[in-house]
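Take a look at these structures.
What follows is a pair of complexes built around chain A, which joins chain B in one and chain C in the other.
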Partner chain A sequence: MSQPATATGKLLTPFNLITAAILAVGGVITVLRFFVSGLAGTTNLTDTYPWGLWIGFDVMSGVALAAGGFVISSAVYLFGMKEYKPLVRPAILTGFLGYSLVVVGLLYDLGRWYRLPYPFVVKPGPTSMLFEVGLCVALYLTTLAIEFSPAALEWLGWKRLRQLVGSLTIALTILGLILSTMHQSSLGALFLITPTKLHPLWYSSHLPVHFFISAVAGGLGMIIIESALSHRVFHDQVEISGERFSQLTVGLAKAAAVTLAVYLAVKVIGIAMDDKWHWLASGYGGWYLVEMLGFVALPCFLFVIGYRERRLGAIRVAAVLTVLGIVLNRLNVAIFAFNWQLPAAERYFPSWMELWVTVSIVTAGVWIFRFIVKRMPILHEHPEWRGQH
Partner chain B sequence: MTISRRGFLGGLAAGTLAAGTAAASAGVKKLPGWPDSYGLLHDTNLCVGCRRCEEACKRVNGLPEPAVPLGDESVFDKMRRTSKDDYTVVNRYRRADGGRPAVYRKHQCMHCQDPCCASVCFVQAFEKTPQGPVLYHPERCVGCRYCVMACPYYALAYEYEQVWTPRVVRCTMCYPRIKKGQQPGCAEACPMGAITFGRRSDLLKLARQRIRKQPDRYIDHIYGEHEFGGTSWLTIGGTPFGELGLHEGAVPTPLPEIGSSYLSVVPLVITIYPGLLAGFYAFSRRREQLSRKETREAVAAALERARQEAENKLQAAAEKAKKEKEKAVAQAVKKAVEEAKKQAGQTGQEA
Partner chain C sequence: MYHVLQEFMTATKGMCYVLSFGLLVIFVPFWLFLSEREKDDTSLPDKDEH
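And now, the complex of A and B:
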């Protein structure tokens, strides 16, 4: 991101070369995965660990970190916090790309990926939490596509359609909040059926609530990081002043601090209600404390410092810690604290090809984000549609 | 929906009040229990770890020969689990107290009464048959492997090496053989009578009989009778089940009930959110309108005040000017009169 090329600029920048190399190797692995050696030849998945990095990171963390879209659009359109309007479009775009890439990651993981629509067209399994997740994600991805479309329609100059979509804003925002509440929490609910396999410190009957609140925090963290990077890299696109941008960042920090504090409280309640304190004294307890203190309590504290003393540096560090914390939490639930009773030899660690695919998917996301931001009115308003939904 | 409102509310109240007693009332699921279903009983007191069951399983299911030949004790050096080539495995467990001989336990799909795999499948690829076996339908499986994830017994395996058509694989309780009136392969092959096939209800009676006859050799518990809602495979023996890799002291609640408990919140979210959020939106919009109106009124009032003040000032100035003018006129008249008087006096003197 440090070497942005303008839309008409050179192609052979270091950033472009490195990312192109990543994607090229990723393409080879993709061919291996889908056409040559299947999951066995590319992943370290086993019968004991049927879900690995592609579910733990690409799907579970991806969905949580794409939560910024519904958080900001609800704040602006439903709760009347109009001052955050400049952040809505980048957040919606991040969400839309995030969810699209979640589906891409999911296709890599599915044994028979070509049957993706089967739950909706062949035989729905409504007792499955995964059915709920799948249905909500499919509907929300559609919602995000429509919510994103005004930017594309303004760019294309299709005024009547743009007008129509604009009139749907409130309905779409409400729908987005409903669907997000449901599938963010249902992702946690996926693990309610595994009390025998997931470590007691991470297992809780409140898992859906944990997942939802932490997704809100992760979404806010992503908006802070993404807007700071956009502000630096695409400064020619940004309309709002540095002073106003700082004010928005400080406001987000306050929201993130409150969210993380609530999350921490809910987690402590979970431990207290089931009287799981003694687990903290084990090795897994130490790991749990690293997650909770280092990636929840610490960023919460830094956000507070950040907004009280208006220190953007502290806020950005806190945002990075929050995002890493969400990823760590999802990986802990799906992988590290899963099957915790099994001996070390049976534990899973991703193969380099799994890691490479994940990095490639994120890289592709950055490329598409850059492509769109340079062309469509995302970081600034289209002159003809100023001040409209 | 033809339920009347009163009936609906009444049903809710009854469900809440009688949830503890009446399992049949709304919202409290009653397990079918599968009264005539088949099952298998594994008696770990009789099992000697010969692995004939493994061999038979591979034969009837067309799987490759055992990787470690029968009779080779080294196979017990490490714990094995089921895999795409082994639908059943026999493991050896050393007693913690060391005093007694080793115990062998056969492991495979337990064919749960309320199976997790069926509950978590989003295309209903698993089906609990009234006959007992849990069946798998590969023709609609998408390959998400949530079933493998959810199974508390680590009994499901996946064909990862298949590029196009991987399947979930596991013991089928020899469903095709049962339909033909045959016993499952493993039960038929067992030379020790450690595996018994029959109606689950009969197997429970048989197990209780064995426990009653030799109370010193058996723990008074049939694993699989109630654990997580019960299983078609039952296990008995003299070793605590926790030492045999089973969930000792497991709750009788089926895991699917725990796993899908959260689904009840979904309709609430769908019903409550739109109204609540539309309310918030209306509230913030109204607030905005009010503040706009207030601003408008304040501006109008300020303008009115300014206009009034200006008018007052103008009027005052006009009045002042008028007064000054009158004063000036009066003065001028006075002056003129005096002037006239003076002139008249002078004229008189002259005359």
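And now, the complex of A and C:
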């Protein structure tokens, strides 16, 4: 593809109308949340459940699913798997948007949202795990912004700055890998202080390891889904052939199969280590088995079959199951299996406004992704910068 | 006897080591099954093509 595709098109499409309506209602709720009734009027959060959907989904799941950026850029620039280079920019963009929306979701959840920079500039708490997560996310978001900037600079035609940023690629990739490893695992470490609140099947002294491995699997799943959708929706932008794209998808399936197999093994060893087998016979045990068998073992099996038989359909189903499984795991840890001993009447369920804000944030992400992909060289290389970092 | 063994394996984390070894052994056929068709397969990504 040598010509940048046109960004103009019909404005009144069903997609635009539906998403605009979602965002309009989300805007009204935003005004209510920040300027009228606060957290109490818009959420079902309590002192028992200070973290709800906006943390469980928008932050915990958002960070995990944005892991594709560091996974694929590390594979290409650090481990020499250069055949996957066409997937780097879409993955970096997905990661950049994902982390940006994580911060947006965090702002909704913070009572005094305007104090977000306080831990860095006013009163640091370097002994807190939350401080480490916040610092790493802030630094990694900055790293992702710089990693993404070549596409924007090529689009703007700022050649000297583009050249400078391009020369930083390896350093940025290493920094991104370190920061991601740290905060993906630290998000799990946040729950290490909750052994009496989190159900024993989900609680483990190895939660940081579980979170990190599952984030890698979730990131790979997101890359497969996002690239398949982009290939279909933005086919006029895509440069690589359908055959090569299929080869890359199949290659990712192998990585995802091994990652999920390792994750499953680590989880089983965790059950054995703390002798939690008897918990599997309870109601929560059934729910745990649904997560492990339906959203870890099954997608692992489908990835294996998809890789061996070159079945793209099986690989995409497996990717969807993997992503759903990571979301389910984060929701289980943060919400469903949290405060599990409380009676049903005292359990948390998100209000419709919390759900709507979450849907609005995801919708905004899709809009911004579409806006950028239609204009900047994300799915194709800029003719003047072909073959460069 | 069974309960004594179970308690011993739990207290010493012995069960964990046995299981880890078993899973490591299982990984070998898993890997062979996964990569069985790679030897003469030309449909995989070409490392020189980028």
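Just so it is clear, the second predicted complex is superposed on the first by the 383 of 389 C-alpha atoms of A that agree within 3 Å, B and C clash if a C-alpha of one lies under 4 Å from a C-alpha of the other, contacts with A are read in each partner's own complex, and residues count from 1 in each chain.
As a convention for this text, contacts are C-beta pairs under 8 Å (C-beta built on N, C-alpha and C of every residue); 3 or more make two chains touch, one makes a residue touch a chain.
Just so it is clear, the model here is predicted, and its values are computed rather than measured.
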item: Which superposed partner A:Leu110 touches (first chain B, second chain C, both, neither); value: first
item: Touched partner set for A:Lys197, first chain B, second chain C, both or neither; value: first
item: Touched partner set for A:Leu45, first chain B, second chain C, both or neither; value: first
item: Contacts of A:Tyr307 with chain B and chain C, given as first, second, both or neither; value: second
item: Partner chain in contact with A:Val36 - chain B first, chain C second, else both or neither; value: first
item: First, second, both or neither for A:Leu355, with chain B first and chain C second; value: neither
item: Of chain B and chain C, the chain that contacts the larger number of chain A residues; value: B
item: Chain B versus chain C as contact partner of A:Val28, first or second or both or neither; value: neither
item: On chain A, positions contacted by chain B and by chain C; value: none
item: Contact set on chain C toward chain A in their complex; value: 10, 13, 15-16, 19-20, 23, 27, 30-31, 33-37, 43-47, 49-50
item: Complex contact set, residues of chain A against chain B; value: 34-41, 43, 45, 47-48, 50-51, 74, 77-80, 109-113, 115-116, 118-119, 122-125, 127-132, 134, 170, 174, 177-178, 181-182, 185-186, 189-190, 192-197, 205, 208
item: Touching residues (chain side chain A, partner chain C) in the complex; value: 81-86, 244, 246-248, 250-251, 254, 257-258, 261, 265, 268-269, 272-273, 275, 304, 307-308, 310
item: For the chain B and chain A complex, residues of the former touching the latter; value: 81-84, 116, 119-125, 140-146, 148-150, 152, 154, 156-166, 247, 250, 255-256, 258-263, 265-266, 269-270, 273-274, 277-278, 280-281, 283-285, 287-288
